[in-house]
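Note that the chains are named A, B, C, D and E in the order they appear, and that numbering of residues resets to 1 at the start of each chain.
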Amino acid sequence: MTNTYNASRTFASPHAHGGSGVRHTMVRVQFALLPATLFGFWLYGWPAFFLWLITLLSCLAFEFMSLRLMGRQQIGRTLGDGSALLTGWLLAMTLPPWAPWWVGVVGAFIAIVIGKQVFGGLGHNVFNPAMVARVALLISFPLPLTTWVAPLPLTSAAAPGFVEGLQITLGQMHLTDAMSSATLLGYAKTELSRGVDLVQALAGDHAPGLSWSGIRAGSLGESAAVLILAGGLFLLVTGVIRWQAPLGVLAGVAVPAAIAHAVAPGHYLDAGTHLLSGALMLGAFFIATDYVTSPTTGQGQLIFGLGVGLITWVIRSLGGYPEGVAFAILLMNALTPIIDRYTKPRILGRTRAGRPIDPPPVGKGA
Amino acid sequence: MGLMEKFFGLSWGIHPEDHKRPAADAATRTMPVPERLFVSLSQHIGAPARPAVLVGQQVKKGDKLADPQGAVSAAIHAPTSGTVTAIGEIPAPHPSGLPVLAITLESDGKDEWAELQGCPDPFALEPAEISRRVAAAGVVGLGGATFPAALKLSLSQKSRVSTLIMNGGECEPYLSCDDRLMRDEAAAIVDGIRLMLHATGASEALVGIEDNKPEAIAAMSEAARPYAEVRIRPVPARYPMGSEKQLILVLTGQEVPADGRPGDVGVVVHNVGTARAVHEAIRHGRPLVSRLVTVNGACVGQPGNIFVPVGALVEEVLAFAGGLKKTPERLIMGGPMMGMSLPHARVPVVKGTSGILALDAAQVADRAQEPCIRCASCVRACPIGLLPLEMARHIQVGDLKGAVGVGLKDCIACGCCAYVCPSHIPLVQYFAHAKGEMAAQERARLRAEATRKLAQARSERLEREAREKAELAARRKAERAAAAAAAASASPAVTEGAQA
Amino acid sequence: MSGTIRTLVRDGLWDNNVVFAQMLALCPAMAVTTSGTNGLGMGLASTAVLVVANVLVSLLRHIISPQVRIPVFIVLIASLVTVVDMVLNAWLHELYKVLGLFIALIVVNCAILGRAEAFASRSNPWHALIDGLAMGIGFTGALTLIGLIREFLGSGTLFAQASQLLGPAFSFLEIRVAGYGGALLMILPPGAFAVLGFLLAGKRVIDARREARAAAAATPATA
Amino acid sequence: MLAAILSLTILGALLGLALGIASRLLHVETPPVQAELEAMLPGTNCGQCGFPGCSGAAAALAEGSAPPTCCPPGGKALAAAIAEKLGLSLDLSSLTDEGPKLATIAEDLCIGCCRCLKSCPTDAILGAPKQIHNILKEACTGCAACVDHCPTEAVVMQPVPVTLQHWVMPKPLAA
Amino acid sequence: MSLEQLKENTLYQPLLLGAVALLASASLAWAASATRDAIAAAEARDLRDSLAQVLPEGFADNDLLADSAQVEVGEAKPLTVYRARLGGTPQGTVFKVVGKGYAGPITILMAVDRDGRTLGVRVLKHTETPGLGDKIEIGKADWITTLSGKTLESARWAVKKDGGEFDQFAGATITPRAVLNAVRGGLETFARHREAMLGLPQDGEPAGKAIARKEGKSS
C-alpha cells in the first residue's frame, strides 16, 4: 500500500473541474472566424493577407512588451491564452484590406496597449480593444481607413501578385481611382447627402442583393456576411456564446430599419441591406458577445444587444458616418456596468430587491 | 410558480460527470474493527460533546462515550467494545489538519454490543419520546451537514411541518453510499421514514431520488408500496440537487426564504441514511456507531461502499478497500464538490463521512489560475442566483462588505462556479476565506465590546473604591472631631462614642 | 528662508505640479493643448494672472474675512482677467488673436482660485509671488508638454505658429515632420485624455523610482 | 459707466450681507468625531498605540495624526471601522493581524506581589499577596499592560492557539 | 486684534465685498475706457486686412470700412456689404456668407466685381475636421483660390464627384461642397440685389441703364 500522501497545502473545494479553459474558448472563436477570413484573402488578394498577418503579429508583440514592462510573471502563458491573437484578428477583420502596414501596427498598439493593458490586462478592459482601435484609427486616419478596394479575386487576372501585394501593404503603391470603391453603406450615405433617392441609387451595381455573395468592397469582416453568420452559428451551437446579444443586435437594427424603410423607402435602407452590410454580423456574433465587455446575465446581454443595434441604426441612418457598429459597441460597453447592476439575477429565497421572500402560509405545501 | 420552476428547473447548477459506477454497483462490504479507534468529540454541528468516560474504563459497543453539550450537540457512543486508553488531541479530518479532542478506544476484538433497548411497537410511543430516543442514539444528519437529527425532529414538531422530504439526491460525483443503502436496505429506510413522519407529525414523505439511480428508485418504490404516505419521487440528476433548498424547490415548488428554514414553507429535509439510523435507533436501540462510506477514486484498489466503524482511520479504510494503486493527487473526505481535502490519511472517520476519495491528477484537473474573463459561466451555474465573479473581485481587494452586498451570505459553497470557471479561479476558496474572515471580525467585535464593558466595570470599581475611601475618611474625621468635641464638652458622651 | 523658496519652487515645478500632482485646471489643460504654441500661450497668460492674483490676495489677506473670501477671490481674479483681456486686445492685438479665446477661460481656471485659497491667503506677498511664479511655470511646462506631444502625434508639427505668439525671431521653433499627416485623434479631446494619462503614469513611475533610490541610499547610511 | 460701477458695488455689498447673515444662521458645530471614535476604541487605555490612553488616541485619529490601524488590540475589524468612520480608504489586505495574544503567568516565577493586578484595565488578573496569580482568559484583552509591571518576568504574552472553530481558509494567491 | 473682532461683525462682510466690488468695477471701467479706442482701431485693422485679401491690389481707392451699408436681401438680418470704388465708381462689393459645414457653420468672406465675377474668397472661421476639411483655409491649401474669377454661369459650382469642376478633398466631400454652395448662394444674392449691394442708383442714371442691360442679359 502506498502511504506517502501528504498535502503540501490546503485545497479548497471543489476538487474537480469541468475542463473548460480560456485558451479553448479563444481557439474556437478563431476557428469560427476562419471561413470568412479565407474568403477575404481570396477576394482581396495578398495585401489582405499581409495586413492580417502584420496586425496579428503586432498585437502579440505589443502584448509581450506590455507584460514585460509591467513585470508580469509567466508571459508565455498569458500570450498563449490567445486573447491578444483574437483581438488582432478581429481588428484585422475590420480594416480596409489594402490599408498600409502601419495601420495594422498602430491599430495593434491602440488595441493592446491603450485598449487593454492600460486597464489592467485581460478581463479588466472596459471597452472592446479591437473596437477601440478601429474607432481611434478611423478618427485619426480617415483617409486610409475609408479607402476601400473593389474585389479583385486572387484567381482574376487583375489581382496583385505576391510582390505587388507586398508593395501595396508597404505603402509603395497607391490605389488608382479605378481600383477604389465605396462600401454599400458609404455609397448610400453619399448619394443621400447629394439628395439622390435611395431607390434610384441602389439599382444595378449597387443592388443590395449582391451582398449575399459577399463579392463587394469592404473589410474582411463585412464582405462575407453569410460566412460570418455561419461562424457565429457555430459558436452558438458549441456554447461559446449565447443567443441574447446577437439576437439583440440584429433585432435592434432590423426593427427600426424595417419601420423606417416602410415609411420612407427613399431615405432609409431596408432591413435586409442593413443586416448584410457593414460589420453588423461580425459585431453581433463576435464583438457584442465579448465576455469581458458585455453584461453577464442573459437579460443584460439582450438589452446590450438591442442597444448596440439601435445605436448602429441611428448612426447609419441619421449620423455623419456611414457605419456605426464600432461606435455603438463602445457606447454600450460604457453602459455595461449599469446594465449589469440592474439585471442581477434574483437570489433564490430573496425578492429582486434583495429582501428575503415572505414564507407562504404553513401547511399549504402539501 | 410555473415560470419560476421553468426558470430554475432549466438553468441552475451543473452536470458533472458522475463517476459513480462501478463503485455503486460493487457489493457492500463491512470493514472489520481495527485495533484502535479514534472517536472525535466534534462529529456534529455545534458544541463538541463532553467525555463521559475515564481513561482506562472498559466499554461495550454502543456505550455512551460522551454527552451532548449545549443546545446543538449530539451524544457519541463506543463503536466497539474495549478500553478507553486516552482522551486527547488527534489531527482532525479537516483541511487545516488542526487538532481535535478525541477518545481513543482500544478494541478488545469481541465487538460486543451493550444491552440494547429496542422497541417492537414504536408507533405507540409519543412523538417526543421518539425524538428523545433518537437523541440518545446520537443520530446526526448523515448527508454531510451532521445537524443533530433529534433536534430537527422536535423543531419540526413545533413548527407543524406538513411534508417530510427525504433527500436521496446524492448529487455529488463519485459518492454512492446513499444509493447503495437504498438498494440494500430500502425496508429499513422506509421504516425510518415512517418513524420520522410519526415523530414530526408530517402527513406525507416525499423521497427525492435522482433519476441516475434507477435501481434505488425501484427498490425504494417496492419497499414503500404498502405505505401511501411515503412517495418516491424521481428527480432529474443535476448538481446540487441534494442541496436542501434545491430539492424543496423541485419537489414542492416552494422557495425557502433567504433567512428562513425549510420549516417556514412547511417542510423538513432529512437524508435517507439518517432514516436508516433512526430505524436502527428506535427498532433495535442501536446508537449510531458506524456508517456506510463510499471509497472511490482512480487511486483506490477496489472502489466500493464499506460499512466503517466511526473512529477508524482513513488510512485503514483505504487499506481495506484494496489499498492505494498510486499516490493520490488529493485525498478527500466527502464528495469532490463540497468535500474537504485531507492533509494526510491518519485522520478518523466521523459520522458525517460519506466518502473517502483518492483522486489522481486527471480527476482533480487542477490548473493554474488565470485572469477572470467575465464569461459569466459561474453566474449561469450558480444555483442560488449569485454573481460569483463579482463576489470574488470584492474579496480579492479585501472588500468583504461589498462581497456581502452581492450575496456572499447566501452562498452555499456548492462549488458549481469554480467547477465551470474556464480561468480556474478558486472561487469557493475566496468565499470560504471571506466567510471565515467575517466570522473572525465578528468575534473580534464581540470581544472588543466585552472588553469595553470590563474596562468600564473596572473604572466604576475604582471610582467606587475611591468614593468609599473618601467617605470613610470623612466619616472617621467627623467621628474624631465629634469625639474630641464630646471629650471637651462632657464626659457622659463617652459611652456613645464607644458605641459608634 | 532660501530653503522655503526652494521648496516653493520645487513644489510648483514638480512635486505639487498643478496638472500632474494637484490635477487642477484640467479643463484648460485638455481643451487648449492642441499644439505646443497654444499650451505655451495659455500657460504664460495663466502665469501672469496667477502671479498678480497671488500677490493681491496675499496683500489683502488680513482684511479678508473667511465668510466672504471665495467671492472676494473670484471678483479679484475675474476683474484681473478681464483687464488683461482688454489690455492685450488693445495693445498686443496679434498676441490677442492667438490667445484671445483662452484668456476668458482663465477666469474659471481653478488653479488660480486654488492657490489663492490654499497658499496666498496665508502667506506673505513675497512667498505668494514666488509660489505664483513657480506654479505658473509648472503649469506652463505641463501645458506645453501636453500640447507638444499632441501636436507632434496629431498633426506632425512642433510649435506651429510659434512666431505669431513669440515674434518672428522664434520661427526656428516651428518644425514640421515630413511625410507625416498626424493622427487626428490626438488633437481631439480623447487624445488629450490619453496623453495626460500617460504623462501622469510617467510622473508616478519617476517618483516611485526616485523614492526607491532615496530609500536605497538611506539604508546603508543608517545601517 | 457710473451706473455699472454702482450696481456692481451694491451687488457686492448685498451679497456680502447675505453671506454674513447666512454664515451666522447656518453655523454648524463640527460633529464630535472624537467622541464617537473614543466609543469605538476598546477603552482599556493600554497605551499600545503610543498615545495617552484611548481618548488620546481618539483625538489623534480625529485630527488625522494617527493611522486607523494604530490600535493593535482592536485588530483588523476596528481598523476597518475607524477607516469607514473617518472616510479613509484603507488597504486591509496589507494589514496582517498578528493574531490575538493573551497574558499567561509562569507559575514557577510568580512571587505573588500583586503589582500586575493594579495595571490590568479589565480586572482580568486574580490574586492575593503571596499567592500565585491567575489570569482569566475570558477577560484578558491581550493589551500587555501587565507585562512591564512584573518584577520577575512571570507574565508572558502567548499567542492564542488557532482552533478548528477559529480557523480561516487562506485567501487564494492572486493570479 | 480689533480687526479680528471686526471681521466677526455681520456688517463687515457687505462692507468688504462691496469695497472689493467697487475697486474691481472701477478698475474695469478705467481699463475699458482706456482701451476702447485702441481695440476699435485694432479690429478695424483686422477687417481691412481681410478685405485686402479678397480684393486684388489697386482694385479700389476708397476706404471700404467707411463705405459699408446694410442691404435687405430677404433674410432675417440685413447683409453688411463693403463697397469698393475706384475714383468714386462702384467696382465691386465684399460681403460674408455662411456655409453649412460638416461640423458647424463656415464663415466665408467673398468679393464680387460689378460683373458678378468672384474676385477672391477666404474662409474666416470654421470648425471642420483638422487635416481633412481644413484644406479650405488658405494657410493649408490653395484650393480656395480656384474659386476666384468665376461667375455664376461660367463655372459648374459643384465638386467633381457631383459633376462639377472643383476638386473635392480625399475623404471629405461635405466641406468643399458646403463652401461651393455658400459661394454660389452669395453670387445668386448678388445677382438679385446687385444695385443695392454695389451702391448704384436703382434706375434712371446712365450707368444704371448700362448695368440694367447687362442684368437683362444675364437673367
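Just so it is clear, a residue touches a chain if its C-beta (ideal position, glycine included) is under 8 Å from a C-beta of that chain, and two chains touch if they have at least 3 such contacts.
These figures come from a predicted structure and were not determined experimentally.
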Worksheet item: Steps needed, at minimum, to get from chain D to chain E via touching chains?
Response: 1
Worksheet, complete the sentence: Under the touch definition above, the chains in contact with both chain C and chain E are A, D
Fill in: Co-neighbours of chain E and chain B - touch as defined
A, D
Discussion item. From the C-alpha centres, identify the chain that is farthest from chain E.
Written reply: B
Item to complete: Please list the single chain whose C-alpha centre lies closest to the global protein C-alpha centre.
Response: A
Worksheet, complete the sentence: CA centroids of chain B and chain D: separation to the nearest Å works out as 38
Worksheet item: Per the centroid of Cα atoms for each chain, what is the distance between chain A and chain D, given in Å?
Response: 54
Practice prompt. Using mean C-alpha positions as chain centres, tell me how far chain A is from chain B in Å, no decimals.
Written response: 50
Practice prompt. Averaging only over C-alpha atoms, locate the centres of chain A and chain C and give their separation in whole Å.
Written response: 41
Worksheet item: Which chain B residues sit where two or more other chains touch them?
Response: 95-96, 368, 370-371, 423, 426, 429, 432
Response to the item:
Each of the following residues of chain E touches two or more other chains, namely 12-13, 16-17, 20-21, 24-25, 129, 131-132
Worksheet item: Hey, what residues on chain C touch two or more of the other chains?
Response: 67-68, 71, 75, 181-182, 184
Response to the item:
Per the touch criterion, the pairs are A-B, A-C, A-D, A-E, B-D, C-D, C-E, D-E
Discussion item. Taking the touch rule as given, give the residues of chain E at its contact with chain A in the complex, in rising order.
Written reply: 102, 129, 131-132, 161-162, 170-174
Fill in: Contact footprint of chain C on chain E as seen in their complex
3, 7-8, 12-13, 16-17, 20-21, 24-25, 27-28, 31-32, 34-35, 38-39, 42, 45-46, 129-132
Fill in: Interfacial residue positions of chain C with respect to chain E in the complex
62-68, 71-72, 75-76, 78-79, 82-83, 86-87, 89-91, 93, 96-97, 154-155, 181-182, 184, 187
Worksheet item: Quick one: in the complex, what on chain D touches chain C?
Response: 12, 15-16, 19-20, 23
Worksheet item: Can you list the residues on chain B that touch chain D in the complex?
Response: 42, 92, 94-96, 98, 100, 368-371, 395-398, 423, 425-426, 429-430, 432-433, 435-437, 439-445, 447-448, 450-452, 454-458, 461
